[in-house]
């Protein structure tokens, strides 16, 4: 068995000079995966200059291609997003748009390049919107070729209204802790399965 | 000034033999309105046999017409819903479908019968989904002719995962309390405004 | 290899005395599956008396248990829904609520009873809303234990505004035809895979 | 009566060196408003360097403040967005985030600075997603203080799958044409109403 690679795209609006609640939560997922010999990496999207547009490469100054190279190498892709007004962040939306810009690229067998990859999502907010953001992101990934295992939406949100954020409560919420484990193991189980048993190339070729 | 009427359609899955967290919250809105001489009423939708279909009257056994009669008389319509899997309830969805079934009915001036009415929403859950449910319901109301005032989505949800429900925490959350007041006053201010100054019948007739 | 069973829950608001555009589309998926020796069945939800509530059995008069028995036997579950005001139907919402009511039931190994099952969705409308409805339904299924393969949201909608429905255009839209095939084959490929290689019971037990 | 100002924020991913289907549609709304002596302006968001973050001014290099100055002067704000994977664009999401960053600013009377302003939305795509995008944007505006009149979601989308875009079909769809008129007149009617009769400052102050 060759090793599995997991990549987190953290769509926090803050660059890596600041702490990110979303990254604190996604790190817990990656720690669990690391124990199972998965190679893990996190990219803070706000550190990059990602151009607007539906294409794999928007040309001069666009740093998406170096991110996308790592997406192609990953077996597990996890999108991490904060919530603002109950929605995933603009950077998460941008990441989905850029992934969609490569949705017609195929492997040699004619399937989408995203086939046999497994998707998951991590959401944090000080209140409300996690399920809606997760549904949108997981749907986007599924629609372009990723497999969505069961229970791969891990999130933390607080009570209605302003209040504490994830790092203020880290490790206290047993529901979130349980889902960190489920996200890690279910993406891993399925990534391993598709590594040994790729999805047959019948009825699902792009051309 | 003739008096304003406010109607809550409570889309709890439980009938009125059981207590409803959503009703506890919507009652606080109605108490505020009552102090301003608004006539208020709540209908527990689960007490009625509401037929499936996109029509104002689905015929034998359909009890929607008696509910819809009160919608037509109301100046303020508030939909109350619980959250299940981060979505408004099936009964809330049914109520929107039935309202939509009358969306081509017009007043004498050719405007939708819902013009000059004002909409709002009350949502409760033990966790997550309120903004998504509110957006869906308020959009549905706006799309068929209601005016949506600012800040008319009042909700309470708890921290991620299973936990206490609204009545367990009633009156403790200052954000929710503030929004009870905003929902009540903003629906009232605009209902009064449209009673005195109806929306001009220009550019918005259905035929 | 034992045979695979596919079940469609058609959440049309019309009972089976009337033709359903959603069923016309889901039948095309099932025809493809039948050619691959899959046993197929469609349940028109509007033919049944399904009680409101979050439970596997709401007692007297509730006909959900006979539907749920078939869900448990199925390897592939496809929810079919029409669109009203851009949302899945109230019956689709009800089906998700009732499935959620069994989400804490486990197999002997401690996993959710929905593990190793594969989900998909079929949506029809005369206009707009398919992706939103698909995202909501697929998220609901994933959140309670189903695997979501790539490209399992098959839909047809027409141009903005009133206009023709699916059966008026059946077989004409190459995008929809392509996705009928992808839905059928990708649910089948993964159902077979999990039949031979169930998801390991590690890190994903409910208790 | 002083004159009414209408501002479109066009969240196309393309800058103004390229034609925008969304702008073609929003221009039709503005033409209708111009005939009624409304002062109109469109800002192509992709022409500006808008920083990420929840604040009215993110500092050096952030061009949002010059856009936001115009939002504050406008009586009618219309967000225009294309659809990608059934969602509003990342730039539309960014605009909502930045507006939200000023949601605690108040007028002298203590109400949100967005009170008495009226919101609307224009959506174009070659297929599906308009209602979902409209619901999200209108909810966001309502939640921060805008009034949402009836029927202010004007959109055009085509049949499922790739196909023509708005400018290929411009002026052909009577549903879209009708809604251009409704959006223009209903935002205008209500903007004029609130200019003469501002929302009373009772029960809706931020502090």
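Quick notes
Letters A, B, C and D name the chains as they come in the text, with residue numbers starting at 1 for each one.
One rule holds for everything that comes next: a residue touches a chain if its C-beta (ideal position, glycine included) is under 8 Å from a C-beta of that chain, and two chains touch if they have at least 3 such contacts.
What you are looking at is a predicted structure, and each value in this text was computed from that prediction instead of being measured.
Under the contact definition, subunit A and subunit D share the contacting chains B, C.
Checking A-C, A-D or C-D against A-B, more than half of the residue-numbered contact pairs recur only at C-D.
Taking each chain's centre as the mean of its C-alpha atoms, the one that lies farthest from the centre of subunit D is C.
Between the Cα centres of subunit B and subunit D there is a gap of 25 Å.
Between the CA-based centres of subunit B and subunit C the separation comes to 30 Å, rounded to the whole angstrom. One finds 36 Å separating the Cα centroids of subunit C and subunit D. Those residues of subunit C in touch with two or more other chains are numbered 85-86, 131, 135-136, 139, 143-144.
The touch graph of these protein chains is complete, with an edge between every pair of chains. Subunit A meets subunit B in the complex at residues 85-86, 127-132, 135, 155-162, 169, 173-176.
Partner subunit A is touched in their complex by these residues of subunit C: 32, 112, 114-115, 131, 134-136, 138-139, 142-153, 181-182, 184-186, 188-190, 193, 197, 199-200, 202-204. Interface residues of subunit C, counted against subunit B in their complex, comprise 13-14, 46, 52-54, 84-91, 93-94, 96-97, 100, 136, 139-140, 143-144.
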